[in-house]
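Both complexes shown next keep subunit A, but they swap its partner, so subunit B is in the first and subunit C is in the second.
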Partner chain A sequence: MSFRAPRILPALTVAVLTAGFALVFLWTPNDADQGFIQKIFYLHVPLASTALIGFMVAAVQAILHLRSGNPKWDVRAYVSIHISVIFGVGALITGAIWAKASWGAWWVWDEPTLVSFLIVFLLYCTYYPLRYAIEDRERQARYASVFAIMAGAFVPLNFLAVRLAQTLIHPRVFATSDGGLPPKMMLTFLICFAGIALLWETLVRFELASKSSRAKLGRLRRALEGDDAAGQPGSRIAPVPREARG
Partner chain B sequence: MPALPLDEAGKYVAGAYVVFLALLLIYVAIMSIRLSRIDRELAELAELAEERAASGERRPASAEEREEAPVG
Partner chain C sequence: MRAYRALLAKDVRTELRTLESVPAMALFSITTFVLFRFGLDRERLEGSLAAGVLLATILFAAILAINRVFVAEREQGGFDVIRLAPVDATALYAAKVSILIVYLLAFELIAVPAFAIFFLDDAAGLLPLAGVLALADLGLAAIGALVSSIAVNSRARDLIAPLLLLPLLVPVMIGAAGAAEPLLAAGGPSYDGFGKWMAVLALYDVVFCLVGYGVYEFLLED
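On to the complex of A and B.
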């Protein structure tokens, strides 16, 4: 298993994100209903959407792990969930700020979109204790993959359930009967979404490269110091068997 | 609720974007700490490998000396 740090991707991410945020403040008009506060939309929605898509990506990677038995998919699923949880924290905090400005409260418990996102987020927070409660590395990887698949299947179901719910305090701006977002806002949103998605991919690649370096360092230490170094700190993810590397 | 005036809304919008930036900076800081730890460990291992290589070079020389030394 060898993951290399990306070279072009970080520059592309910075360029797209900068362009997106510049469009938000310099080109896109203020919302007729919410005014300037609606600018949070271009950050909050991409963060939340990317986190949810990231959870589903992790589920696909977990399926590939269980099908192939190749630990690299387990590492990828772990990292996808890890970065998505961080994005989830961002979505929750920016959402709370928007809620305070728009509704006068940091949190509204009878709003299905908010509560369902919190449930998904908390569900994925239990991934870490579940994973590290299991000593045996292979069993740990297998159970974590089963969890990632089950939780990943819950994400679209949750999304559908919210869509079908009656209470619609949360603004529906895509594909509504009112016509949805105006073209300028839609273009800005898509660029911001692309930027946040690129940021997710960049962070995933850096995290994978970091884990790969730690694992290689551990192997090197064991080779140089012999069995005495077996207890040295390394990646807490399941070690990669020699035949699965590459 | 009516739309907030710009001076009031600006604080919230700035707050949201600052939170995003702060999260990103925290992540970069954590990554830099990890990178420096990897760098430190790598330096230790390089030192160890050099010591091994140096002692490995000395060993054959001393063996030759033993062979050349007169027996008895």
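On to the complex of A and C.
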């Protein structure tokens, strides 16, 4: 198994993201209440949604890994979680900026979506120390998959519990009694969402390709040095495709 | 079923002979109550503060038990024996969930009355509180047994278990504190929103029991 760097996908991502942000600044009207700052919505919501979808994708890949025993799915689940955690940092930062601008505070505890996102984010941050702490690679992969499935089941439950616990002040922009998002904003949002989702997929593919070629490089180097017994290739934390082992 | 009974009986017997977990949890909880007494500078608690103090203490005490629940299996080769025996992995999971529930119930029989003596004016809410704690215990045990068997096979055992557990237990804390708050209210227990929170706890329990049942065998194979 080896992963190749994508060729068309990066260009498509750049095109869709550029189009999306051009629409955000040139075509979409300012929000009547919040004015210009509301435009961060076109970045913040896609980042957060893509991160959450990425966590669920990782859970599905982890199930496939446990069912098939193929380490390729573990590598994929690892990279999905990795990129989603990075997107999660972006969502938390843009969320804090938006909160400061429209509610006057960097962090609002009454806000169920904010709080549940933070809890999910903290949970997925523990994925790294968990992988670090298990030395045997095969067991590391299995345990990481079990964790990814547990955490995947946890995400919707956590959102339910936190939402029930608090009052609603987060903007409910898609399904409100007064009709939700105007068509211009909706279209721009969907294009931005598609752009961010494509960005996620592009980064995942590049990360997989990088892991794959790093493993290949390690293998070639060891063959060159004639030392097959050298240590495991790749970094300690990251899973390595099967072809590169031993 | 026979394997489940044998494993559970083994753990009960071990605990009765060594008295390692429950007394430590009880002692821990009473010390924590004393700390809260001075940390909060309050002699009487009610409502959300009472629920928070009680449930945070139970949760942290549960981590003590969860950290230890697989130590014997790990250190004395119990995992190998179970893998060798023609026994379903889920029997071990069910036994560990059950023993954690037994520990938690035994511990709460000491901790909750102690909490009432220290902080409560009115003990009328304690009976319905037992139902809340039973559902919370099942959630703690279902997640605890899973996380503990992950953590026990890792290098940083004592670090990994609480690190994974605390975020995973946030919904249990929210649900149990939400249900316990009206029961411990100042003017005697009420049932405001009680059903909603019990439903959240029950849903959490069902989901994580099913997840544990589904994935546990992958934690055992080697």
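Just so it is clear, the second predicted complex is superposed on the first by the 220 of 246 C-alpha atoms of A that agree within 3 Å, B and C clash if a C-alpha of one lies under 4 Å from a C-alpha of the other, contacts with A are read in each partner's own complex, and residues count from 1 in each chain.
The rule we apply is simple: a contact is a pair of C-beta atoms (placed from the backbone, for glycine too) under 8 Å apart; a residue touches a chain by one contact, two chains touch by 3 or more.
The structure displayed is predicted, hence computed values, not measured ones.
In this overlay on subunit A, subunit B fits alongside subunit C without clashing.
By the touch criterion defined above, A:Arg219 reaches neither subunit B nor subunit C. Of the two partner chains placed by superposition, only subunit B is touched by A:Phe36; subunit C is not. Seen from the C-alpha centre of subunit A, the directions to the centres of subunit B and subunit C diverge by 120°, a value given as a multiple of 10 for the model superposed on chain A. Of the two partner chains placed by superposition, only subunit C is touched by A:Ala165; subunit B is not.
Legend: residue contacts after superposition of the two complexes on their common chain; A:Arg137 is shown touching neither subunit B nor subunit C.
Following the chain A superposition, subunit B and subunit C show a smallest Cα-Cα distance of 26 angstrom. Interface of subunit B with subunit A (complex): residues 1, 3-6, 8-10, 12-13, 15-17, 19-20, 23-24, 27, 31, 34-35, 38, 41-42, 45, 48-49, 52. Against subunit C, the residues of subunit A that register as touching in their complex are 66, 119-120, 122-123, 126, 129-130, 132-135, 139, 142-143, 145-147, 149-151, 153-154, 157-158, 160-162, 164-165. Touching subunit A in their complex are the following residues of subunit C: 143, 146, 150, 153-156, 159-160, 163-164, 167-168, 170-171, 174-175, 178, 196-197, 200, 203-204, 207-208, 211, 214-215, 218-219, 221-222. Those residues of subunit A that touch subunit B in the complex are listed here as 21, 31, 33-37, 39-40, 43-44, 47, 86, 89-90, 93-94, 97-98, 100-104, 199, 203, 206, 210, 213-214, 217, 220-221, 224-225.
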